[in-house]
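Encoded as structure tokens, the structure appears first; notes follow it.
Here the chain labels run A, B, C, D and E in written order, and each chain numbers its own residues starting at 1.
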């Protein structure tokens, strides 16, 4: 595993548990970052492969709170990121319910970046998929142009300002970066793996997306 | 709580923040949900304080959310960052200020990693040239937008028309701060006040007359968790983490939450709505929630901006009780109007949350 | 017999004996009559109640057993042997046996002979309405010997009566002596008497001296033999002609009355209840509750003789005396729930108290029943055991099915999901599918043997050497045999593991099952009922291998002492085979106590509450017992004993020189 | 043989070495920077494992060192190396010509404030092991009223690279167990928790006090480093850790948290080391000639080291180290030092 | 009440404030050895039932301390009382009685 995050994040762990103690995921998922570091450190390939195919590595919220606390200057969060990277590269992510979500995440986030130059784009943030965005968003969604105008934004406008239309030349540069740094290839990988899985299950893309968007096995949680 | 103890730590974690001439980059989430906050930031710094804050239309997302959702490789995000830096240098700046905490953390991490692994920096330099034909550069000072407001906090206080004080009782408002995780948790020395007791927002609140309350779960993540929010099936995680924070701050009866992170005000606001609508529990007074505002919104309020210009109507938790306490004049009938008084309807009322 | 005696009486020409008091009554009999009536009523009601408490099937079994000739013989033998002669005590401690039999048998004879005398000489007085209850007891008070008409027959009875009185008195003398110097009679510890015990005891001590006093005072009127007449002369010598004898008879009657009145509350109740217990026991009725039904007869049959005190290995520490069976039974009688539980849980279940009990009270069984009242209802879940799945489970097929049923996610979950989250079922127990043919041997090592791999190694070596074709039932670990559950009073749970093991073993198709752990052996033998499978302990199996010449061994001069594991010796009666086999390889020396008196090593699973330090004390004393013959090697045939003794030898403060602790099988492998 | 020997540091090591060297007939000068002799020992109440009074031990040490020339409130101002001896100028104006110098500068307690997440100096109910000893001695502390739940956080400033101290401080586990027992003795109804990473109870009788703490005092040992402390509304503490044995995050509300501050190299010792140009190892403690064979010799001839100046030590270890150092000084002063002609060669061969 | 398609998730955090001291005192009165476990795991390593299904006295003791009574019972429900654990416990804990005692004290009847 050649990953700078791993180099940075993994010194000999002493299993003190400070990471798990304050980990938001450890509290609400069946998850223990200390054990992950321990497994990675064990260099037990079989265990690591099991890990890469499991839901476990997808529980982390990458808040990096663990980084502050570790007395050995480890970073469980970075280790998780590199494990996820590996799981995606090896195609293992599609084996687990949480891992499969990468299909949808990659599809949405990367297209946001490539199409608009933003990770989040309000016209693609729908109330139907986000009922928690509240009644206020239900209203905002319908009046985005008016609201941006009212609040000093520049939705899809020229020049600077919030949510301006980013010039095509810059988007082209982003695409070029994606191409040469492996992001495009990864998108492709993830897409294919997802499509294969969808076909395996006999689902259309839409059904597949609906499934991974809402699936949540209670086994992830503490009883 | 021993205040002097905190002061000592704050004095240990002070970073150099240049006074002027910044290259400004925006935050995806803040642009989408709090466009007025960024506008206020620019208005205060440029027009009220007369600083040079430069923005170019060519800058893009840093890719941080995509990166932290594990959809793009580290090399990709580093090259995008390098592109942003290159734009800064190209426009003749060396001070870089970003509006987003995720970006800020990522910039810090990237710079650290480059420092530690020069071969990686070389690779990124090459990538940047290949993809964008831009010259690699690194900022001399990298700061977060809240650091800048922190720096100007006393100047803002000097121009303020009101304080963070309950005008009816004369008591300072009880304010809870919430710092974005990626602000200083990874690199405590990069944040004003460090990772455990960050001073960046505390300093503002103190300067503007409020009283900071420290509650047990203060340091904790709002629960965004990137993928943990974007996918509906994971949102229980996100919701539960915010819930934990509110349960913990409840006995302190805060009037206001101030945040410096793009997502946090959204989550601290909307999860109150979800908790109220699905369980009936509210954390403010009389069925209201606790307003979770950005630092610009708070600065705007003390400086006398109209609350609806600040975009406070886009919060689901009603801010009226807060405005009343602070003595901010507002016209309720104008809350949901568009530009120039255009009628664009208004949101449906909530079932539970006032 | 009685008609014959009547006949003899009629034959007499002139009465030998004349009623001195025509009414056949005197006020002094009141204390006795009241006492004995009270006692008889008590026991009568008790018997009825007890029999009513027994399940109906058992009650029928009981009545029927009284008609079965074999049982009748056994009953008679036991009644005489246990109740009167105290054969069991005789065999172990002759002086103590003499004491008990002197009192029991002597008194019994006095009563019987007294009644015969009445029957012979004043038969009418046997009638209850005419004082039949007390007359034969105080016969010598009521009669006047007809001088000049004495016959040899009369003298003979006079002699017998005096002889048995003397016999009883010798027993009483020993008993009094024992109270102060019990060790002379072979008892280190004696039971601490309760208040009722004391009343009854002191009355008992006084009864016979007072009887001697009373009878000797009246001997010149009522006749007597060497003892009473002799003493009578002495009184005359001392007090002159006028002997004022009524107070003596009063005292005698009062003592008797006191004794009988106190009897139901004292240990002496056993004199009568023992009879009922022997009958019930011989009828084969098992107690299912620690103090109801049969158990009640059993606990009232305890004579509190205190032999179990010395038998109990725990009593190497004086503080443990209170946990002995005798007190357990006393508290059972008193319904002291807290103490009963504490005592029941403490016991090692080595069964020695049972083996040594003169009345065969099975205190360990009562303890088990007591434990069951608390523990049998505790929750458990053995659903992971292959209970209802025939055949396929042996091949491990269900494992796959279960895995698939769980959604196939077991593997992808990963262990990192938190240490506390116990991953899904690990593995299903499996035994080789039915490949073992009927003449093949299946070796079941058991849990404890797995902790002492040297036993497994040696057993396998011996098997190989002797060319035994065998399969290892639980090489990678198996299911517990169930005996430990049984001992803890969890019979229902035990039945589940028994069922599971049974399936596995029967499914293996073996002909012989060899066990190296006596704990397993006992339960396999007694509870498993394996059809067509011979269950043997490896001591027996190896002995057979040697006897049949399959296993070649060499005799050596090495001094070996063999420790009888509780569950093997007392538990299953296997004493001979291990010794026979060991005799072929070394010189057996004796332990201070062996066979059924062997001392538990202290490692027993029987005890629930005994702590490590107390166990170590027991181990030390057990070790000391084995070292009596100065052996070079201690051999045991139980993994627990092996482990315990190995540790005891290395931790012992005894001056031990080079004593090796070996497992039985180890001795036989080269 | 009246060589002058300067001993720097009036803690247990300095006192014991002074006593020994004085008995051998040397002229010992002991300097101590603080006004009182005894070092940390003087601030401690009782000592593990058998709860001996620290005062009693110190009293014995002081008695042994009677007659030693002793300057308190005195530090070293400058040191000059002469041919073989050292010319040491003290802050009290005195100059000592010393044939051997023994540095027994001891340790500093880790400044618990640096472990920010524990809130020492910020949250009212957080204290250190030293504060607790002071409480035991004085019987009063504003933080201790009638604590219902008390926690002990092991490894504060030990085994923590973030705090710049990778090594184990050796004494904290036993001290924590001792203090936990003492708190239980003082407040029998209290619940006491020890948060540990490894219980390093290596010495004789140490395991016994651990067992005693569990068995007789019901102290709960939780394997997991305290990750975070915060203050509840009512002023109690919310403490978070992972129970690594259970593999689950854990929280508990405590009335008092005691931080087992570890040992750090003495700062004033380091200043003297700088004057002597004596090297320190990565952990900040002085380097010795050979960790196993010559643990009391510094790399500089004539300069000796004793006690915690060369790394964390228990009190008995420190005293043994001081005695060993005294022997080493004696060997040097009898075997190497007198031979002026071959001094340099002897140093090469035997130092 | 609105259904958002997700909701609050129970926390797995051990909360020592929930520890039932009274019950625990009952347990240690019954079997004082409960106090002296070092969590070494020897018992779990040799457990007969543990070969087949997750069973652990170590965890059960931990659960008792961590106010997770149900989990403690869960960890012991498969126990066959074979006694191997008592043989290997370095502290000489009377494991079988401890198991019975935990079951007795913490099971809801």
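By definition in this document, a residue touches a chain if its C-beta (ideal position, glycine included) is under 8 Å from a C-beta of that chain, and two chains touch if they have at least 3 such contacts.
Predicted model only: the values in this text are computed from it and were never measured.
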A correct list of chains touching both chain A and chain B reads D, E
More contacting C-beta pairs: C-E or B-E? The answer is C-E
With centres defined as CA means, the chain nearest the overall centre is E
Relative to chain A, largest Cα-centroid distance belongs to chain C
Chain centres computed over CA atoms; the one at greatest distance from chain D is chain C
When centres are defined as mean Cα positions, the distance from chain B to chain D in whole Å is 46
Rounded to the nearest Å, the gap separating the Cα centres of chain A and chain E is 38
Distance in whole angstrom between the CA centres of chain A and chain D is 49
Whole-Å distance, C-alpha centre of chain A to that of chain C, is 74
Flagged in chain E as touching 2+ other chains are 2, 4-6, 9, 11-13, 59
Among chain A residues, those touching two or more other chains are 22, 26-30, 32, 35, 68, 132, 214, 216, 221
Within chain C, the set of residues that touch 2 or more other chains is 418-421
Per the touch rule, the chain B residues reaching chain A in their complex are 26, 28-33, 35-36, 38-40, 55-61, 63-66, 68-76, 79-80, 83, 105, 113, 116-117, 120, 127, 130-132, 181-182, 185-186, 188, 195-196, 219-221, 223-228, 230-241, 244, 269-271, 273-274, 309, 311, 313-316, 336-339, 342, 344-350
Within their complex, chain E touches chain D through residues 12-17, 19, 21, 28, 32, 35-36, 39, 58-59, 62-63, 65-66, 91
As the complex stands, chain D meets chain A at residues 117, 155, 159-163, 197, 223-228, 240-244, 247-250
Given the complex, residues on chain B that touch chain E span 232-237, 239-240, 243-244, 274-275, 277-280, 351
Within their complex, chain D touches chain E through residues 191, 193, 211, 214-215, 218, 220, 223, 243, 245-246, 248-253
